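Order of writing sets the labels: A, B and C. Residues in every chain begin at 1.
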Amino acid sequence: MAEKLMLHEDRFFDPDPEIRKIARELYKGVKDLPIISPHGHVDPAIFADNQPFPDPAGLVIIPDHYVFRMLYSQGITLESLGIPRIDEKPVETDSRKIWQIFCENFYLFSGTPTGVWLNHEFSIVFGVDEKLNGESAQRVYDQIQEKLQLPAFLPRTMFEHFNIEILTTTDAVTDTLENHKKIKESGWNGKIIPCFRPDGVVNVKTKNWDKNIETLSKVSVIEINSYKNYIKALENRREFFKFMGATSTDQGVLTPYTHQLTDNEAETIFQKALRKKASDEDALLFTAHMLMEMARMSIEDGLVMQIHPGSFRNHNREMFDKFGPDMGCDIPVQTEYTKNLYELLNTFGNDPRLTLIIFTLDESAYSRELAPLASHYPTMKLGPPWWFLDSIEGMTRFREIVTETAGIYNTVGFNDDTRAFPAIPARHDLSRRVDANFLAGLVARHIIDMSDAVRMSRALAYELAKKSYKFE
Amino acid sequence: MAEKLMLHEDRFFDPDPEIRKIARELYKGVKDLPIISPHGHVDPAIFADNQPFPDPAGLVIIPDHYVFRMLYSQGITLESLGIPRIDEKPVETDSRKIWQIFCENFYLFSGTPTGVWLNHEFSIVFGVDEKLNGESAQRVYDQIQEKLQLPAFLPRTMFEHFNIEILTTTDAVTDTLENHKKIKESGWNGKIIPCFRPDGVVNVKTKNWDKNIETLSKVSVIEINSYKNYIKALENRREFFKFMGATSTDQGVLTPYTHQLTDNEAETIFQKALRKKASDEDALLFTAHMLMEMARMSIEDGLVMQIHPGSFRNHNREMFDKFGPDMGCDIPVQTEYTKNLYELLNTFGNDPRLTLIIFTLDESAYSRELAPLASHYPTMKLGPPWWFLDSIEGMTRFREIVTETAGIYNTVGFNDDTRAFPAIPARHDLSRRVDANFLAGLVARHIIDMSDAVRMSRALAYELAKKSYKFE
Amino acid sequence: MAEKLMLHEDRFFDPDPEIRKIARELYKGVKDLPIISPHGHVDPAIFADNQPFPDPAGLVIIPDHYVFRMLYSQGITLESLGIPRIDEKPVETDSRKIWQIFCENFYLFSGTPTGVWLNHEFSIVFGVDEKLNGESAQRVYDQIQEKLQLPAFLPRTMFEHFNIEILTTTDAVTDTLENHKKIKESGWNGKIIPCFRPDGVVNVKTKNWDKNIETLSKVSVIEINSYKNYIKALENRREFFKFMGATSTDQGVLTPYTHQLTDNEAETIFQKALRKKASDEDALLFTAHMLMEMARMSIEDGLVMQIHPGSFRNHNREMFDKFGPDMGCDIPVQTEYTKNLYELLNTFGNDPRLTLIIFTLDESAYSRELAPLASHYPTMKLGPPWWFLDSIEGMTRFREIVTETAGIYNTVGFNDDTRAFPAIPARHDLSRRVDANFLAGLVARHIIDMSDAVRMSRALAYELAKKSYKFE
């Protein structure tokens, strides 16, 4: 028997009638605001090419490690889900078979944000009206597949339909941003801008660092034989990214440790790295130093600086060797901010030209370190709950724990951080609902009044992202 | 004036009418399911002997460090509560006097799970109908004492009446399981099985390690003069425990650090230990190595592997010297999982033959490390909230924090971890109510629907424990 | 248009009708109890002199780093808020201008406890009936300014009107307590007592340690040329503080590490410190040792011992150099208790003569370390949520996380920790409401009954503070 898939209009709101009534009203005031998406991983090629998405599995499962990691945790191989192997050994290519496995196991996502986002996507974006399970799998497949062929489901049309005002992608510093150029030149006026991500040339122990430096040399037309030229090349690329519309940078680091090296120290490590002689300690120091350098450059060129620390990348080596990075094998670690950011904040933290947005995967730092830091240093703002914490309860904990110390104005609104493009409206809708519900709880307990809540609600849904990322 | 003791039928449910209604319905569907108790510390002797419990103090206070540690924290000596001293100096033996102190201080347990469990036990199991305090103490004593003499209150009868399908005890590897044998041979068909606990022979710095090795030698009939024979003896004991019905092992460790030693390295430490020359560093490495070995053996023999890390045992030396271990003097410490389990998970984490159940006393690891690990590695599952966290709010936090990342199917249902046998139904009832209430909250907020909730409710109350511990 | 400022009679209570009803009833039973304020930073001079407060900015903004740190985080300079600079360079002196900036930015405090406390203060204490914003700023200024001139708003009259039974200040060990003497000698019977704070002479690396030792020498009339005499001088001062009514001491330390040095070791470090040769390691060890010494002295003289660990003081050096300490630049760090307090608790933890009250800024230690320690050691009690955690959600988390393990009787009621005197009733009212609401939630879920709740409510609002700080 088919089970109905229905999204309730009051979903994610507290069932208490008083809170629910206020939440509805607040949500009503923000639900149709344009979407600001200042940080994410959508591939710009899909808008450059504007071709139909391949099929349901290629749309929903294969690009989304949130989805396939959960299936893998229950013993389903990535090969059977069509995830391509590095060695190009065969994996499942029958999209219908992949879809069948996914649907048979869709119950695993009960109570997870992935489950909620996907149901939104299926129901609202694709008009599916039955729950996913083994029995309904192929009917749902047909329904989505049919939609994907329609002009209304081309990427650019969806972008407009989703009411996206601005979408930021994440791009290696060595990227020549051909897709961004192509989008600009196409005459289409969807605003899709890059973000400067230097990890591949900053972490001297990263796989292919030497090749990345070569590429950086080529694209910047600066021969990188010295630390000095390396810095020049980075500054050159930042200028180019800025020219292409970028307003921000992003660094992923294991620890947010910051430390200024002298030029000589930096040069020494850089030369060792070129000769493949850099130690782990060198790598740590160089990254700590480059956080300082990136802050300095941000003060000079005005790019907003983001730091995403605390993820132990590619924890499962077997999976990394078979499938590469970003396969759901990244696991958070304890992350210290007060001591690690000390040098950066003491050097640049009082400079109003810098906007520094800090993320975390370690919630124990919310009340202990992050909210106190953000509610003191004028440069520092807190990014929204990230990755595993980007969820109904995760967002609620963030607001409950952070707001009392830092208020909402030292936070930056919502980032959807999406990989699978059609999830964007689902994620923003969830965020707007959760924030409306949080604020409704404050109103119902008479901590704030309704006029405060209306103002804060708009800030969280739209204004803070726009302002913090300098889209104004 | 006597105050009434009454258990409300809606206890532990949210007062919101919508949530309460759903919680009631979900609870109704699971409350009468048989009890699976896959991990605990009930003494099997009580079922082997099937004698009446001694008296209320011997039933409720003396075996339960949850109870007497709280009294001790308020300045009541353990001697006055009849806790036996190692030096056999006199302690209170008048059960009525002990009971009087307990009842006069029963208000200390207001708002604690111990308070709730005891009230369930008194009211439902023993039919007590007044609240415990100094005034009612002796009347309640009489009432319980009278019951304990009845055939219906013999251990085996209670076991059946409690509807326990399976009860796992915790047993040293050197235990000859005489009580388990006696139970089997008695013809009684209550299913009581052992669990293989190797701590006493794995931690080379534990008190009496040398004597434990001697005993291990004796019971395995293998002369343990080498690391190689030590491993053989352990394998031999695992086989015996399996034969006696065991489906699992359990290790208590200070840290979950895992590291494979070479056979030579292991042998060297083992020989040092035999000569009482092992250092703290040796002990750490040997335990790290033995976690790897236990995982390897589990892959071979199919025993489910449990790790309980993060308790600093016997923190209060004076108490340890006077009363021994398990006296409520164990205090949790910060516990790191991502780096510590790296080697074990990289070696065995993708092997579907291993089930690895991880517990924690450090809630800060829930969202940061444990849920991400469990929602990726196919072998890893999360044990329920343990010890101090085994409580209404503790369970609720666990579900709220873990479910969004790991779902419920990477968790293993409930463990009661009981020492005082008659508390078992109270603990399972509480767990079933709290899970029903958690799921009701998801339904009321339209995160899942009722059919999801019914399925998940049964999984949490019964099926996940049965499946995870291989009782199927 | 002026917006009304109205405090709702049910503020901070859950909107659920059942919980709200019970919360109202519990709150009603405690709201008029006298205020016990056993820990805070109100300047005793204001009661010694009993002069009118200067003006609204001097009352509310300048003494309160909770207020100006939030403004600073949004780019408003401390100079523009009239915070005095160490170098005595000019800062804003026009109280009305400062007030205008504050009011224009008052929306930043929406959802923070500071916002809630201030609204209470404005509405209840000063009768302001419109919300603070740029438009209302000068009208509200006039209204408060007018009140401040009235006899009813003199410090002693306010003290009586607030129904404060006892107020503890915090005083350096070198303080001669002139103001406390003056208050006593004035014949006014407001009970204002000192608390012994030795940080300035214990941390050998603190700025001006040498001068503090000189002053200590002078006030104790003991020549401090040796560790032995240093200890004598401290004992002498404790005696003096006790004579002046003190019942407690307080130590702020970066880490709660405790370790007993031999007299020789202590003497060696002390001599190095006198010669300004002490290392950071020396300072750490000496502080660890002095925690042991302070515990020993407390056992001898009966003063309650408080430890406030985990704040990285003066994180922002530029601010420290310009404005000095206590400028909102202190940031918490991860804090370990189980291992750090091991030596102190093993030496003194079972001694009923010691009351040791531990605070934290690291909530991750609540369930993991602090509640387990407090629910075992008879000496140890938990201080209320401190500083950034002294808030509606912060208090609620504390009760939810701590109570299940430690009950409420191993906690010590509320500390307001106030700097700006007129905030005291706001803070106690908030605390009483939040505790009433917490207990109401337990009653509504039938975890405790109403008679338990009434008893616990009085304990939390009044009795525990009185008993723990030995005011009985």
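Following the convention adopted for this analysis, contacts are C-beta pairs under 8 Å (C-beta built on N, C-alpha and C of every residue); 3 or more make two chains touch, one makes a residue touch a chain.
Source: prediction; values computed, not measured.
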Chains touching both chain A and chain B, listed by label: C
Numbering shared by both copies at the chain C-chain B contact, with half separating same from different: different
Interchain centroid distance [CA atoms averaged], chain B/chain C, Å: 40
Contacts with two or more other chains, residues of chain C listed in rising order: 16, 364
Touching residues on chain C, where the partner in the complex is chain A: 3, 7-8, 10-16, 69-70, 72-75, 107-113, 115-116, 131, 312, 315-319, 328-334, 361-364, 388-389, 391-394, 397
List of chain A residues in touch with chain C within their complex: 16, 18-19, 336, 338-339, 342, 345-346, 349-350, 352, 364, 367-369, 371-378, 380, 400-401, 403-410, 442, 444-449, 451-452, 455-456
